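Some structures to go through are shown next.
Below, chain A partners chain B and then partners chain C, in two separate complexes.
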Partner chain A sequence: MNRPLSPLTRATLVEAPDDLDELIEFFHARRWSDGLPIVPPTRERVARMLSCTQRKPDEIIAKVAPGFGEATVERIAINAVMAGCRPDYLPVLIAATQAMSAPEFNLQGIQATTNPVAVWLIINGPIAEQLSVNAGPNCLGQGTVANATLGRALRLIMQNIGGALPGDMDRATHGQPGKFSFCCAENEAQSPWPPLHVERGFKREQSTVTVVGAAGTHNMNTHADNADELLRVIADTMMFPASNDYWIGGEPWLVLGPQHAAILHAGGLSKAEVKRRLWEESKMPARRMAARELQRTQAVRESKIGPINEDTMLAAADGPEGIGILVAGGPGTHSVYVASFGDARAVTREVIA
Partner chain B sequence: MEIAKRGKAAVTVVSNAFIGLGRAQSRSLGHANLPLAVIPHPFGSRTREEVRALAEQCVAEIARLAAAK
Partner chain C sequence: MQVYDPTAPMAAPAEDLRQRVADLSGKVIGFIDNTKPNFNLLAQDLGELLLERYGVKAVIQKRKRSVATAAPNEVLEELARECDLVITGSGD
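What follows is the complex of A and B.
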């Protein structure tokens, strides 16, 4: 039995089984989950979640593509409960929903494409520590409540409010594990450079969330011990002919481990200079692409960068500033290349309770 | 969709891999009966000449769907 709370923007109460096993199957049967068990979004749990924002439950934060369901504060809170979020995570999810609905993020494309693209959440500022979002060892892996559940909640919002169910409006050929959750904070304490949100125009004491359309993660393990050599091997890893970044002119990202960031800083490089060097050194000869990709590249990029032929050296982004850099992770000789969806630009929004 | 909302004839061209998306999205946006003209998948890797040929193949169907509106 469904009982509306009215008005239309309020959620509907649903009578669900008391037995936990039956309840979990109840959610699976309705495709309200991501395939994992959910936390029952009871009125009490949703109310606790809503107590952590000053916004009204029926405030519409965004309309979420491709179904353009209205993401009210209450609906975001319900999905946050289901994902296992703690109540004080709610403002992060509200900001993330705002961010991913900005036109330049191209959520319609991200949700409905055959590409495996996931939405990567990057948390900056004081709230990262307040919520214990992992920015250190295994920050892109398992084991931290905030990282696991914030990313999961955003996926449930995209699926349950945006309507992008796998095989239906979500047309991904394979998808990727990051579509369950993809969330970390920046390791601001161990970064030699200003943090991401400061680079993007916010004050250090502001808290922000940045959304990125991430096609996947590719680990780079290198013991290079000087900036020139490290940049050379990272740039070489960025180049691959089946990359969306190269045929569209995208926005590739690098998660530099603190050790690698320290090597680049010790080499006298600012973040902007790292971007400029990588942009130059990762240019790829267009002939490495399949003939079809070269044709697509010509159709898409010639208006911006001029004539393209097999000898053209293609950059992964339209300019050096198009490369995103984050310092995160723990000790180790690893950094991560995050190729992008290509046809999307990262968006940052302030987290406000 | 915006054209359909204004009461004008509107047809969406989709490749056959995206029929489900087209139908679901038009339903979500309140135009469940928005006509779809279907072309073979994939579309993104077509040359300009191939796109032109496809357009010629489906133009009659588009006109038929638009006229039926």
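What follows is the complex of A and C.
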């Protein structure tokens, strides 16, 4: 019954100042940026970006919540230019826009919530190397064009096409730095296990992007040198009473550093077994929650897991497969716990030029 | 210089769906419980008031799976079919 959208699927050109400083202010004044300077999306730059896909500029890839603006290939390209993306990044952003618009990702919730949730992009397959997406040292930090600009472009798409402006439709209490960009590749070369996209049903030679609703990153520095001890301290870190994963039954993620992954593998553990052990060992007594969280947990989870009282041992996900595992990062005794929004499920889409 | 506008027109608000109900007598009222604590109790009390004081014919109470997700389509379709008016909640 919605009124049909206006047929303006092609983007419009607007007159803007020639002076770069003034042009940047022009974008800030319209709230078309994330607070950082943008690269001007001129006709030439956008055309160069569009030359890296076989899709037509007016193809609608998705309608982006919460405003449900039409993400055409052209509008994705415009925001990609603004974020500083190289032209050959475009197919990744098209796949990412498809992925985040799948119903199970619950983008409407992610965009509008008070939670700090950011959209984490994980790149797998040959494209990661082709685009030099960092999967090694400092992969979640600064210093790599692809990691910095792919996540930034997706955020601009969420703001400009989805319409979620901070303090307006985006109701985040604090947000988090990951809302500027949150993107890495899997360190497939140093992982002892099949990579994420293979686990999720793709072939190793396919390229994919996976989106995750990530509430934040929590570092785990441990010199544990055997699998049992390492799993114990990771599981203990996963538990915290003010966690969305525990009251909703979420999808917590772990970014295992290659050293930690090697220890678990040397202990004879497959990825599925690591998940199973962590799921069991990270069960938290419901009494650690505040009374109101316990009420919320009962309201949301009892239909799935039966009666819940203070003595119930709550798992962070509905089942072991609900825990996400990525091997990434450089040398060091660190892994990262990525608590989730809770009410979103990761989605993977193939990257196709 | 000329640059592209990076925004997309937002979906038009469905103003034509907003049909007001003149009075509640004989009407069927639905509630969508957003799962926040006590919403069910509030809806229950409101439902009783609607039945006792306003001559409402029936009250249907449905619950979402969780606060941040939309109500399932079956629920929306059922409420659209059965109810003259639906009340939902947002926030705590």
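FYI, the second predicted complex is superposed on the first by the 346 of 353 C-alpha atoms of A that agree within 3 Å, B and C clash if a C-alpha of one lies under 4 Å from a C-alpha of the other, contacts with A are read in each partner's own complex, and residues count from 1 in each chain.
Just so we're on the same page, a contact is a pair of C-beta atoms (placed from the backbone, for glycine too) under 8 Å apart; a residue touches a chain by one contact, two chains touch by 3 or more.
Note that this is a predicted model, so its numbers are computed, not measured.
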**OP:** Would you sort A:D168 into first (chain B), second (chain C), both or neither based on which partner it touches?
**Re:** first
**OP:** State whether A:P41 touches chain B only (first), chain C only (second), both chains, or neither.
**Re:** second
Original post:
Looking at the overlay, what does A:N106 touch: chain B (first), chain C (second), both, or neither?
Top reply: second
**OP:** Considering only the touch criterion stated at the top, classify A:G69 as touching first (chain B), second (chain C), both, or neither.
**Re:** both
**OP:** Have a look at where A:D236 lands relative to chain B and chain C in the superposition and call it first, second, both or neither.
**Re:** neither
**OP:** Using the touch definition from the top, say if A:R296 reaches chain B (first), chain C (second), both or neither.
**Re:** both
Subject >> Partner chain in contact with A:E321 - chain B first, chain C second, else both or neither >> reply: neither
**OP:** Would you sort A:M82 into first (chain B), second (chain C), both or neither based on which partner it touches?
**Re:** second
**OP:** Check the residue A:E22 against both partner chains and state whether it touches chain B (first), chain C (second), both, or neither.
**Re:** neither
**OP:** Name the residues of chain A shared by its contacts with chain B and its contacts with chain C.
**Re:** 67-69, 163, 292, 295-296, 299
Subject >> In the complex with chain C, residue positions of chain A that touch it >> reply: 1-3, 5-6, 8, 11-18, 23, 32, 40-43, 46, 63-64, 67-72, 74-75, 78-79, 82, 106, 108-109, 113, 156, 160-161, 163, 248, 292, 295-296, 299-300, 303, 341-343
Original post:
Where on chain B does chain A make contact in their complex?
Top reply: 17-18, 20-21, 24-25, 28-29, 44-45, 47-48
Subject >> Parts of chain A lying in touch with chain B, wherever the complex brings them together >> reply: 66-69, 112, 114, 163, 167-169, 171, 292-293, 295-296, 299
**OP:** Spell out the residues on chain C that touch chain A in their complex, using ranges where they run on.
**Re:** 1-12, 14, 16-17, 35-37, 65-70
